[in-house]
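The first chain written gets the first letter, and so on, giving A, B and C; residue counts start at 1 in each chain.
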């Protein structure tokens, strides 16, 4: 039961790591150098705390406040599911993969609520185009995660990690990790797949958010991205397996590596437009996910 | 519209951190200043934001006659406290829009970053925040009529509380969706100054559009005091550099719209660098190509045969050619894209979704951006 | 686990979730916004899923949460896209056929109460440590695989058929609902919803697809 207390620091550390990764990648791509980046998230958070919290005319205040809280709670659940070391996991769900799927679905619902509740145009439109892509990516993630469950013959994440003792899933199922990273970016609405945000819609669902509300929304999504990175590390990169260092250290290293990859993609690649993402999702990415699952099934049979 | 009155942060630590954060600036482009503010993206201390709700400083550039002044007042009131306004203007302009009555004035582009940072630090330290320009009330009060305080009668349609209810219309798929009329601009980030698009949307798809330029071509060409110092615009070197600068500013705008802030910062840095060479522009073009942004936008908003992605690639090619010419090389410039007839543009917008419509409008050349000789520009200063 | 072995927090949790499910379910019909009602219904289902989890259904509870979230989100999307009266700006009733609904609801509740009080439920406690999920998987993909595959293909056929039926392209080109009218707002009246004006001949102009066979 005391393990639950570890979730809070994990969420904060995850959000911070995702923020630093993105700031570092942006700074490097702009040619500015990496000086003073460690405290940059704190500076931006302090600025958000100084600003006034505005509200639009007759928003749905409950949903508006609930959306970042739900996303943060989902990030906490996600980080609680991932095994950090041999036999050490905060919540040992028997159907961990299915819990992860419902986590993604609830994240989509939370982002939609955040956009709808503002009673403003840009947030609503952003929420809609995000949900269209999000439902597509949900299907994608389910196939990819089922593929990961096949070698483990179990839906428990601890078993999934144990099954990678000999060979990591990223080598066994090469299509899995790239597809999972696409899902992570899309569902968290993180650049380059920032459909719920976007400069063309004045910031998307966060267009009317200011001050502490904006900080909460960004931080919650950063924490959720870190949870996705941790899940990717556990499901594809062998989790806590690794020589010399203890299990949690390897998990941290692998999660940080995935966060760096995601951040670099965000600053150097332009995202797909909403229509293009939905079209490519159904015509290209889903067949790739089928292929990944079929390969995983064949390999599991042998 | 405000929920909580601003309280100065009690912790000195919070205030110190906030003062050191990048200054969130919302830029309102007025007539006569073109896209010059795009160069501010290069400064590490500034953060050009896409929504006034995120900003502490409102940067107004150029002139704001008539309706632009009213729109500016609305945007000014949308910034959260603590806030202030800064105005980049030529000294001696008589007409002062109400939103900028108390704003500090800056005469030179190069002095803007320092002025913005100073204004931000003064605000965070507890300085006075600019008061509202307009009344803080909804245009129509929510006075209940119906049984539960609703404002209308009957199931649908009508204008309850002054807010017209959407009614369905035919959709391209044969469904009947609600229609919504809205105006985009004039201070949409990425738009040229004074551009307003009147859109009718179903969902997020534009059904019908009308494009209007506040101030017309009369808004004047880009008045850039710094360019005039680089060399006589009549001479080929200075003129080419001014063209390259204008193209790179457009590239920076488009990269920001595409979500590539760091690339926009690089484009802005090359634009602002008086010693930039063609190879810098070439490297930037390679980075933009690698990001696949022109490919993503390839078919978006085809007007006059070229889409937004092609316009971006063309702008990069022209910038590179212009810088090569400024260095003294021979080189030819790809021809500038022709200005677009507003009706053709409105026709091209129909069927696009909102995001694509914004990209299209930001990428088509504005008549006010056509290069004109400096002598004529000086004589037209108000 | 038998009721005697269930920990106290499971009992408290059961009552909390059950009452929350009923409360949010009631609120679905008393709120004035379609999106709120959709998400309150989701909240009700989430509480039911929590109850199922407490009862030991480790897969079924999570699957319930997963499916209901997606369903309610899709429902909320379509509510806003097609409803002409969002968020109660105009007065609108959220219930249809209220009398029949009350009778049906009371009847179902009475039937459920009778079943709960008079029914004989099996009293076989599950073996501690039994792998419920593996047993469920063996059942789904073993003996019952034919049933689930058939149902899955049937659902797919139903979805494809619904899209084909609702498509506006008729077999002979042109709109499929050419000349058709929705029913009037009052029976026998002449006012139609959505501002539809009956035209004497022809439909709404060329929305037609291609000619010939579809």
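What we mean here is this: contacts are C-beta pairs under 8 Å (C-beta built on N, C-alpha and C of every residue); 3 or more make two chains touch, one makes a residue touch a chain.
All values reported here derive from a predicted model rather than from experimental measurement.
Here A is the chain whose Cα centre lies closest to the centre of all protein Cα atoms. Of all chain pairs, the one linked by the most C-beta contacts is A-B. Measuring from the averaged C-alpha position of chain A to that of chain B gives a distance of 31 Å. Chain B and chain C have CA centres that are 45 Å apart. Here the CA centre of chain A is 29 Å from the CA centre of chain C. Among the residues of chain B, those in touch with two or more other chains are 203.
Of all residues in chain A, those touching 2 or more other chains are 128, listed in ascending order. The set of chain C residues touching two or more other chains comprises 81.
For chain A in complex with chain B, the touching residues are 25-32, 39-40, 42-47, 49-58, 121, 125, 128-129, 191-192, 194, 198-203, 206-211, 214, 267-276. Every residue of chain A that touches chain C in the complex is listed here, in rising order: 60, 63, 93-95, 98-99, 101-102, 105-106, 108-109, 112-113, 116, 124, 128, 131, 135, 138, 154-155.
On chain B, the positions that touch chain A within their shared complex are 1-6, 8-9, 13-18, 20-22, 24, 44, 49-51, 53-54, 56, 78, 80-82, 124, 138, 142, 180, 182, 188-190, 203-204, 256-263, 265-266, 269, 287, 290-293, 296-297, 300, 353-356, 358-359. In the complex of the two chains, the chain C residues touching chain A come out as 33, 35-36, 39, 42, 58-59, 62-63, 65-66, 69-70, 72-74, 76-77, 80-81, 131-134.
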